[in-house]
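Each of the next two complexes has chain A plus one other chain: chain B in the first, chain C in the second.
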Partner chain A sequence: MHLNRRSRIALRLAMALGLAVLYVPLLVVLLNSFNASRSFAWPPTGFSLRWWQAAWQEPGLRTALWTSVRAGLGATAVALVLGTMAAFAATRYRFFGRQAVSFLLILPIALPGIVTGIALNAAFRTVLTPLGIGFGLFTVIVGHATFCIVVVFNNVSARLRRLPGSGEDASADLGAHTFQTFWYITLPAVRGALFAGALLAFALSFDEIVVTTFTAGPGTQTLPLWIFDNLARPNQGPVVDVVASALIVLSALPVWLAHRMSAP
Partner chain B sequence: MHRSPVRRLAGALHRRPGLRLTALLSAPMAWLVLAYLGSLGVLLLSAFWTTNDFTSQVEYVWNTDNFANILSDPVYRTVALRTLGIAVGVTVVDGALALPMAFYMARVARPRSRRLLLVAVTAPLWAGYLVKAYAWWVMLSHGGVLDWAVGTPGFGVPAVVITLSYLWLPYMVLPLYAAFAQLPDSVLDASADLGARPWRTFRSVVLPLVKPALIAGSIFTFSLSLGDYLTVQIVGGTTQMLGNVIASDVTLNLPMAAAVSCVPVLLIVGYLLAVRRTGAWENL
Partner chain C sequence: MPGQMRTVASTITNENGFYLVSGVSSARRMLGIYVVMTVTLSGVSKKFGAVRAVDGVDLEIRSGEFFSMLGPSGSGKTTVLRLIAGFEEPTTGTVQLAGRDVTRLPPFDRDVNTVFQDYALFPHLSVRQNVEYGLRVKRVAKAERISRAEQALATVHLEGFANRSPAALSGGQRQRVALARALVNRPSVLLLDEPLGALDLKLRLEMQSELKQIQREARITFVFVTHDQDEALTMSDRVAVFNAGRIEQVGTPAEVYERPATPFVAGFVGTSNLVEGETAAKILGSHGSYSVRPEKIRILPPGTAARGDEVAAPGRIADVVYAGAQTRFLVDLEAGGRLTALRQNRDEDGDEALRHRGAGVVLAWRRTHTVELTQAN
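Our next item is the complex of A and B:
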């Protein structure tokens, strides 16, 4: 499309403005973590590493991080198995209610987190508590897995739809049984999609707070719950800022991984 | 010939597609139907129960008092309208920001920088919800960056709209970028040949073609804003949205919380059905 000079410049400015809006708040958080002042008065008065030290010594923080990692791994494992099974069923077979299955998978992520959260909370209270299973890491994993299934499902079924069946047919013709074909032919072909799905599922779980609030119970604190809890405490401001900065820096890791995976 | 149990099972599965399908579907469906639909069903049912005002015990008597309360109590109406207004505001802000950005990325930027811009726009998605809401708390606070540079609106409804727009912006940019990238050059050239200036081409040719993508993006910005209740706690001051009302009712009055949570769900389902005919679902 042939644009005149003025509209080109206007669009470039809009793009620059958009990127600035996206990145300035994150940069401010990063800078503030080295701000000597406790109140984040802007502009910063001096450079200091004491908040990073304080965060390192924060006892609840490491426990929360470990809880988040375990919850993320648990939810990802469940989502990988269930999402992959559902993806195979939905792409390789035609059956009554196939649309309903897809809809059911999307529902947990389409409905507001708070609705999913209080629904699971009410169900756990009525079903699990009488069985002697209290709220804790297990209920968090169940909650997270419910909305993580769809991302694995989407990735794997997108890959399966583009995968020709000829490889599997050839494997069967050569005498491999169903499981051998799956292990040696199908699984390597969908490995990238499984990895992408797992990465997304873990990120989704690691970041989730709403469903977590209603499924964690008093003794279990994930990292987002820790952050939210400490946001309300004025004295903890700098430490929260350090944690936020660390998460911003860490977020480059999945970006880099995703970039590498999509590169030809 | 001796056949191992694994091979026998594989053979049995190979001969019966129905059995294979059942085996594949049983576990995911058991999880989603039992853990999820079951919970949602219980929640929906409990909206028709009541809580005893004195004992806070749930009374399992079928009635529609909760819904009647929502409709008659002006507090609920105000909160619902405010939530709807915030969701619409966020959608408009994101659309206004994302349209020029996505257009620049897809049609103006050189192909080499295109990929880089795409990464730059999506990268903040990984930084996490709370981190970003917190970042705007820092930005908007008194004595903070905005206060120093241009002045801050303080914590309230405008702050909520800004922060939510920031959170969901990439969800609006991505479908628009895909739609702009797919626009055939011939259509744009034809418009120019017929004498249309760029702005006219954009309004009469480009915009109608990317409308499904715009609506697809709006599904995210609209639904995610409707259900939100943490951003408003962080940057909203004393502002209440539907999510806060639901959250505060959960422990003491679950039936009421269940009834209130029907409001955002109905709004979202209504919006999804309203835009289904535009073909936006395929752009999600």
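Our next item is the complex of A and C:
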């Protein structure tokens, strides 16, 4: 493609602007977390680690982080098992209602979180509460799993569709029983898709706030809920900046890893 | 008694495997007159939805033979192979291996191995691990696994490639790995699904003779699916010609070529002239469908009398097609119809051959080379 000098410059500017819109706000948050001033004053008055120290000593924050990690791991585990099984059913077998099942599995990701939240809240109230199971980490995990399953399902079924079935035929032909074929041949082939799906599922769960609001009990606070709570509180703004900065670094890491692994 | 002998024969083949060739062959000689049926299909049909991919196939494949299933794509030959391997269950009929009914057995309980059309190598395993796979899932001890894998790789001339990844191999090398991976299990029957289809011509010819050699030395029954009639004719002990889910004819390459049973076989295996109706009545003295191969026809000057054992038909050369080694003469007969006669360009060059266009001739061929065809169904 041939571009003249002027359009090349214009396109470069457009790209720079786009990247700036994406990253300048993040940079501001990062800088503010080291800002000596307490009131987001700009330009920063001095460099300080006091907010990082404050965040570290904040007990509510630590509890919320731990809750989020547990909710994310739980939802990812549920999604990995159910999503993988569903992907196999939908791509490797022919049965009545196969298309409908695929559609119903994918729908929750498109549904507004508020709808999922209200529906789950009502369902838990009618079904779980009489059984003595209250709102808490468990209900959060179930709530998150509804949309985490979708990403695992999509990743794994896309991989399975591109995987020729002859590999599994060859394995059976060479004497491998069904479980051996799954373990030695199919699983290694979809390992990348499982990993990517799990990473995405965890990320979705980790920053989810709408469904969480409706499925967490009063005693359960995930990290996003904690941030939302503290953003409005006096003196907590810089601490929230610290949390946000830590999360930026933590999210960049797996993305960078995945990028490196998929690079030729 | 025959049933018992069958069991004995298959046991010997299995235990000694293909490396102990002399043991097997003496066992065969000892068994003498018994022809051991390795694969038997009885009344096998397979429907996919409303489509009858295989329609009432009966087939007996003998132990140790190179058996080809030849036919156009969609004729059911690959489905028959998959039925023998166990990837598909027949809608009706039974499949027997060495006298045992395996119709409902899964692939991993059948003593056959397959070389797939797309090779189906495991991309995440090395060449050695691919070849060892069958032994590994059957929990064969590691030392034996390694030595058998090395032996199998040596059989296909891939020593030194053991640690490569399949992705780093050429098409021909992948083909050999697929073959080694199947052979290492010492199956009594090896199924090959158009294994040479993806190779270029030179490599294909090379692999043809190599496959044939491996089959002869290993004394394994080869069931070979192909749509290439040359391949089927040159490699096989016997050929089954498939059309529309049915077998049209089973026989040695010479039988199938020289005495085609149906118009389809006459047309699909080699090229053939069809003589039928009024033309047949005038030349051969009876109505019906007959086939004559172009290379069997002699082209004589007009007015020449044919020999006593020959059929003669006067006509005029309508067209001449020069094809390097041979020339094809398309002759319009006085009795109606057009025959193609093939002549080696031994005495004439191309320009001389082309000058015959429009000349009157007499075509003559031996009466025994006229083959009566039965109309299919």
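Everything that follows uses one rule, which is that the second predicted complex is superposed on the first by the 263 of 264 C-alpha atoms of A that agree within 3 Å, B and C clash if a C-alpha of one lies under 4 Å from a C-alpha of the other, contacts with A are read in each partner's own complex, and residues count from 1 in each chain.
By our rule, contacts are C-beta pairs under 8 Å (C-beta built on N, C-alpha and C of every residue); 3 or more make two chains touch, one makes a residue touch a chain.
The structure displayed is predicted, hence computed values, not measured ones.
Novice: Please determine, from the superposition on chain A, whether chain B and chain C clash or fit.
Specialist: After superposition on chain A, chain B vs chain C: fit, no clash.
Novice: Answer with first, second, both or neither: which of chain B and chain C does A:Arg260 touch in the superposed model?
Specialist: neither
Novice: A:Leu174 in the overlay: touching chain B, chain C, both, or neither? Say first, second, both or neither.
Specialist: Touch partner of A:Leu174: chain C, not chain B.
Novice: After superposition on the shared chain, which partner residues are touched by A:Pro188: those of chain B (first), chain C (second), both, or neither?
Specialist: Only chain C is touched by A:Pro188; chain B is not.
Novice: Measure off the angle at the C-alpha centre of chain A toward the C-alpha centres of chain B and chain C in the combined model, and quote it in steps of 10°.
Specialist: Nearest-10 rounding gives 90 degrees.
Novice: Between chain B (first) and chain C (second), which does A:Ser166 come into contact with in this model arrangement: first, second, both, or neither?
Specialist: A:Ser166 sits against chain C, while chain B stays out of touch.
Novice: Counting residues of chain A touched by each partner, does chain B or chain C come out ahead?
Specialist: B
Novice: On the A-aligned overlay, A:Asn121 touches which partner chain: chain B = first, chain C = second, or both, or neither?
Specialist: A:Asn121 contacts chain B only, not chain C.
Novice: So, A:Arg5: does it touch chain B (first), chain C (second), both, or neither?
Specialist: After superposition on chain A, A:Arg5 lies in contact with neither partner.
Novice: Which value, in Å, gives the least CA distance between chain B and chain C in the superposed three-chain arrangement?
Specialist: 7
Novice: Residues on chain A in contact with chain B in one complex and with chain C in the other?
Specialist: On chain A, the overlap between the chain B and chain C contacts is residues 172, 177, 180.
Novice: For chain C, which residues are in contact with chain A within the complex?
Specialist: It is residues 85-87, 106-108, 112-114, 116, 118, 120-124, 133-134, 136-138, 181-182, 185 of chain C that touch chain A.
Novice: Considering the complex alone, what residue numbers of chain B touch chain A?
Specialist: Chain B reaches chain A through residues 6-7, 10-11, 13-14, 17, 20-21, 24-25, 27-29, 31-33, 35-40, 42-43, 46, 97-98, 100-101, 103-105, 107-109, 117, 119-124, 126-132, 134-139, 141, 143-145, 147-148, 166, 169, 173, 185, 188-189, 192, 198-199, 201, 223-224, 226-230, 234, 243, 246-247, 250, 254, 257-258, 261, 264-265, 268, 272.
Novice: For chain A, which residues count as touching chain B in their complex?
Specialist: Of all residues in chain A, those touching chain B are 1-4, 7-8, 10-12, 14-15, 18-19, 21-26, 28-29, 32, 39-43, 78, 81-83, 85-86, 88-89, 93, 95, 101, 104-105, 107-108, 110-116, 118-123, 126, 142, 145-146, 149, 172, 177-180, 203, 206-207, 209-210, 213-214, 224, 227-228, 231, 240-241, 244, 247-248, 251-252, 254-255, 259.
Novice: Hey, which residues of chain A end up touching chain C in the complex?
Specialist: Going through chain A, the ones touching chain C are 164, 166-167, 169-177, 180, 184-185, 188-189.
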